[in-house]
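Take a look at the structures listed below.
The following pair of complexes shares a single chain, subunit A, combined with subunit B in the former and subunit C in the latter.
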Partner chain A sequence: ILADSESAVILRLRGPLDLKCLLDSIDVVPMQKAISRTFEALRLQVKSESCVLAVCNSPVLIWPNKSVFEEISPDAPCEDIFQFIQTDDQETSGNRSAKKKNKKRVSASVINLSLMMEATKPGPVSAPILTRTVQKSHLLCATLPMDCAIWSSCSDTIKDGCERLMKALTRQLFEMEKVTLQCMKGTTLLIPEPLHFLLPEPNGLVTVVFPSGVPDKELEAQRQELHGQFELPDNKPFFRRANTYHFPNEPYKDGYLRNPHTVLTHPTLDNGKVYLVQGIYSYHHYMQDRMDDNGWGCAYRSLQTICSWFQQQGYVERGVPSHKEIQQALVEVGDKQASFVGSRQWIGSIEVQAVLNHLLGVTSKIMFVSQGSELASKGRELANHFMTEGTPVMIGGGVLAHTILGIAWSETTGEIRYLILDPHYTGAEDLPVITEKGWCGWKGPDFWDQTAYYNLCLPQRPRVI
Partner chain B sequence: MAAADGHMESSCSSVKEDPPARGKHRTVALKLASLHSTFNRMKMGICKFCLNSYLLLFSIGNFLLQTLLAKLLHCSAELLVLCLHVSRCTLPKDDPQVVCGRKDLFLALAGLFSMGRSYIVEDDVEGYLSRLCSQLAGPVTGLLIGQSMVQRDFVVMATRTPQNNESSDGGKSVDKEWVSEHARQVSRMLPGGLSVLGVFLISESDAKETLTTLRQLVFSVENLISSERLWTPADDDVTDCVTLHVNPKTRKTVCRTFDVKDPKSMAKPADWKYQSGVCSSWATVSCCLSVDLMVPLPENMAFTRNMGDCLKGELKVWAQQIERGVCLIEGRKLPEDSELKAGQKKNVRQTISAQLLITPDVQTAADVVQRCGGCVSVSGAIHSRAFLHSNKPKAKLAEKLLKRDIVSTVATRVQMLLEEPQTQNEENKGRKQTEQFCLPRRVFCPVKSTGPLSVCDYQFSDEGLSEMTDRFKEMLDMDAAEEDLDATQEMIAEVIESEVTEGVAMATAVALLALAASIVYLSDV
Partner chain C sequence: MSKVTFKITLTSDPRLPYKVLSVPESTPFTAVLKFAAEEFKVPSATSAIITNDGIGINPAQTAEVQLSLYSSHQPHQTVVTDDWVFCIIQREIMPAST
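Then we have the complex of A and B:
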């Protein structure tokens, strides 16, 4: 995905900051002034000598405004911090052998830092004063969830990295102030929330502050502005909540594997190019979610994989539908009788198209081949699909359904390979098993039943931001 | 009628007393036995000589000690203590059951048996108690102050309960509330690491009466002190409190402990040993800490009581923030079990500097902006200090004691301020009103002229150092001179109310040195 991912280190600083002030008046202007003053005080606080950055799971402590570095030298490269970090031994399933098998580094490494304040200071000190203000007023009390991330290359020293982090922190406070004031309505205040997005080069990792709790559809104007600012195409979402960057080694809470195909080595064909699904999907297959659909649910699972793609790219907010929900949708559109719900009847690409339309509002193209051997000639169409739409493709025929995640195709020789995600797998979310046994793998044209006819459902990406 | 066939050896270890002769115990046992008409039952009794409880098993013919052990394994520690007392009896050797079981029994008991606490006491305390014996008539109570560790305990000073001029009988009887109130106030004067370990009683009353009195006192004292605490006790804290009974005529002392966590706890024997230099070998850990609290006042005005409650609530939250904070010793985050550099020399003063890093609580209130009737803020800094007996003190302990002192010193001062009459002014004229009060500053007084230990008190801006020396005398029976006091760690802030800007009244505090009248002796603490 990224050019320099091999040597990159992400420094991520997180920590809460108290936003607290007494509001004499809740008229707009005085309230804005009070809030601005409080933000200014916070900016002074993070510039003060009591600001401390603590590297998580390590004894490394940095006072960035005093240039005090505990345990490490400020001129050392950022990567050196890894030596001090003690991680738990538990790794997400499959990572161990994936590392052995695949030499290329999938993504950058993250150094997590915590923002803390030193409460102690040199003495002698001035004893505390108690101030009591009695007045009918309002108290503003919130916690700002500071979250800054910067991309650092291998030549960056720890000192540089920290300076950039602190600048990002101050900048974030300014942005949070802006968002807070913009979204203020009477006495309702929304807490600003920083989100990270990985944009295509040259932008890279970008942090945007959104008001928390506001759904995506109400933030379209902000997204328009951002698309303009970063010169992004206006028909593809980059700033929806689902598009937030998932930091490497952060586990997904739902337990599904994401993009198992990325650990594979892609085939090289003469004058061939690889065209792949763009974005993130989850692998759905037989027996997941305690649903025993062995033998009949393969198309449902392929459909679930496709739905997961739309959710994770931010096109829809609804979660992946269950078998029942899929069946219910087909009843609702009149495609099936009510008795269909709860049954173990197969579905095909037409039904997949119908459900995608009904539940997700997504249109799909259907491609038909009268025999499996014809699939080899569909290289150009499939290549175009992955280039322009980039969505996973459901293919059903004979008695099986599969998901096509990409193709390797040579325009000159016509050679073709298909990257297949197989929903017939019944085991656990074990990446090495899935990739080694070919449940996610590259297949040749003989993978298809040469005499059976096939229908392909090619979901179209909505042109929205 | 068969009796417990035993010679009960004394396992109490009050140094001043000779171990009672075996024969006496036997007589007692027989006497008790004669009072009971039932057999094969376990009975509790009190030995008149060593004042220890013991377990007496009546059985025809022999001790069924194995049965005893089986039953006692389900019992509390106190009973196990008593069991060993019993098991030291000579057993009839020809009893097959007993003979083969005895070794196992002893080993099992040795493993389960808790030998009782061991108090190492500063020599001066002996002299002090002795003087109290000769000076005063009527019962004398007082407090014992020191540090309780898992392995052993150190007592550094004792202080008698001050005269109660309002007492109904002129101080002839022991006033539980008065003793407890004294303990509560003394507790506020102890920096981290030092606490009220228990009470002493000088009286000629008999054993049973003093035991009851001491028991009542120690529970009452502990309950009152712990009710003010804002920090949560740890699981590995020692919950035993000591009681010392001194007979003024014979100078005999008896030392016992009670587990104050268990309302039904029985007295356990404990060692009481005098030693010189107990006050010298301590390490000091200290820091100065900024305090910045802000809490809203509720809309309807019910004043000081509400302000006190609001503050207490906020202090509890702040106390948790402190407890969660990351503590650095000498600039580094040390592993919990690491030992601090403890000098072996007793006279070398050791001060360990500590730093505390904190993160704010995450607010979870639904509404970011809430109505209120104003707010109270506490802003400034404090000097915190804790003492550890430097027998290889652990970093974890230093952190725990320092954090507790930080929480206590702020809570104490707020409490003291709330108790002052001027803060209880009720007037509210309906318009905006801002008042500022200075919290008292911390002043230290050394326990001994040499040695690092000190006690402390709090000085309001309208008090002089002479008032402090008076209080040290009254509360802790210490003869301190003004020159001995260390008032350099904190300065009383003077309040200048600057322009009241919209939103928050900013008070600029200008630090002043203590009142010029007092001569401050700069000690090198």
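Then we have the complex of A and C:
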């Protein structure tokens, strides 16, 4: 169920459940039966009155199976939970603008809940009884990383939300049982891992259980089945590990900004449409990674931005290459001499294309104009590129390199604007500065050197899932 | 040693002149570029070869591989067909100055 993202709240329940299974035999069938019995016991456990949901960073506790709600009313809307949550923002200072409680949320907000079990029960006090039996058996011991997420609209009550979460939890245990049994090889078991994916409408947020530790390339059959089940195109990945949904309140560990262009207001042209990069990229620019490439590294940074797109869309697993790795790749393909590595030599579109091909296996189209003024006439080709490939474009010429993230173009008037990500920025990852000062911004045709020769590198999306 | 034959067009000249070149099939494309640049009298350091559909190529691969990837050329085929076409284009970067 996909709700309007401005008022949507995501309820996310996480917590460990112990999978403990005494195995009298390690033959396949008895093992499978024992594991199934253990999962059934876990399903009963989460339906029991000992199950507790604790809202993170708040005093709110909920016993969903006996309708006990502490600190909060079950009929209140889910949004009310936010009033009880202590966020870190109330303590931080610095140049980041403080989040106000009544500031309009631009994306869905997340309420995190922890899954807990009461360890004791009230009852008559009696002495424990111990028995000892000597018997050889195998013990299977693992922790299941439960992780359920549901969208709730503003009209959902807390009681409704909890009911749906508990249903999702039981469903997840069924799916984990299935994956565990399917991926069993002899006495080796793989821990089932739930991953969340945000699919295009009408599917919305979907959770899939995968066997952990298995690389993407061994899961193609599962992905094909999922593509069929959700009626997704078979030439674009949706279920690779890199495609997992990034929850709005989680910062990216690497510190790079993602998609700074999304906070901009796009230009409106007469009969014009906006054609943008599809998916997520990181902003790479001068001076990052303690690398002083001021004055010569612009094309390298644009190439890094493009590589980050391929990594984050799940097409490649390798991380963004460093300047040295880029230079080394060019030596390996014979485009540059060995002395190139460690130098501060410029590169252009042809080198960008060669590195994308050598390191990522990606093919690119090269477009060129003999004069910058001709770029204004490339609207249709660029529009088609963003519609069919959706990849960021590197443009070099006039002594500079930039990344084109999209265009606004009118088929009827021919008017055009370019959404530019500028790698020449030398400051910190400060989104307001980057967008207000135009380091990521919309430019007109006069942005280009009107008499200079330009080459553009248009990376092509591999047609795989 | 077998040779491969293909057409290559100079795109920086508005008249789009082309030449038909023959090279041993195992020639790496970096050498093909040098050879073609010499034929057209353009500097090879600031030139590059792409297919006539505008696809960039991996310069490390041999002439044979490039042709089989981008055209209907069959190994050891010697008849030139229309789709064996590449283009020489200009690179936009400035030469090295550290």
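FYI, the second predicted complex is superposed on the first by the 436 of 465 C-alpha atoms of A that agree within 3 Å, B and C clash if a C-alpha of one lies under 4 Å from a C-alpha of the other, contacts with A are read in each partner's own complex, and residues count from 1 in each chain.
Keep in mind that, in the parts below, a contact is a pair of C-beta atoms (placed from the backbone, for glycine too) under 8 Å apart; a residue touches a chain by one contact, two chains touch by 3 or more.
Predicted, not measured: the structure shown is a model, and the values here were computed from it.
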item: Partner chain(s) touched by A:365 [first = subunit B, second = subunit C, both, neither]; value: second
item: Which superposed partner A:464 touches (first subunit B, second subunit C, both, neither); value: neither
item: First, second, both or neither for A:428, with subunit B first and subunit C second; value: neither
item: Greater subunit A contact set [subunit C / subunit B]; value: B
item: Subunit B versus subunit C as contact partner of A:387, first or second or both or neither; value: neither
item: Partner chain in contact with A:25 - subunit B first, subunit C second, else both or neither; value: first
item: Contacts of A:116 with subunit B and subunit C, given as first, second, both or neither; value: first
item: Complex interface listing, subunit C residues touching subunit A; value: 11-12, 28, 30, 48, 50, 53-60, 89-94, 96, 98
item: Partner subunit A, residues of subunit B touching it in the complex; value: 287-291, 294, 296-297, 299, 301, 307, 322, 325-326, 328, 331-333, 354-363, 365, 367-383, 410, 413-414, 417, 423, 428, 431-442, 488-493, 495, 502-505, 507, 509, 511
item: Residue numbers on subunit A that touch subunit B, as the complex places them; value: 15-18, 20-26, 30, 33-34, 37, 50, 52, 54, 59, 61, 70-71, 114-143, 145, 187-191
item: Residues of subunit A touching subunit C in the complex; value: 299, 332-335, 343-351, 353-354, 357-358, 363-368, 370, 396-397, 399, 452-455, 457
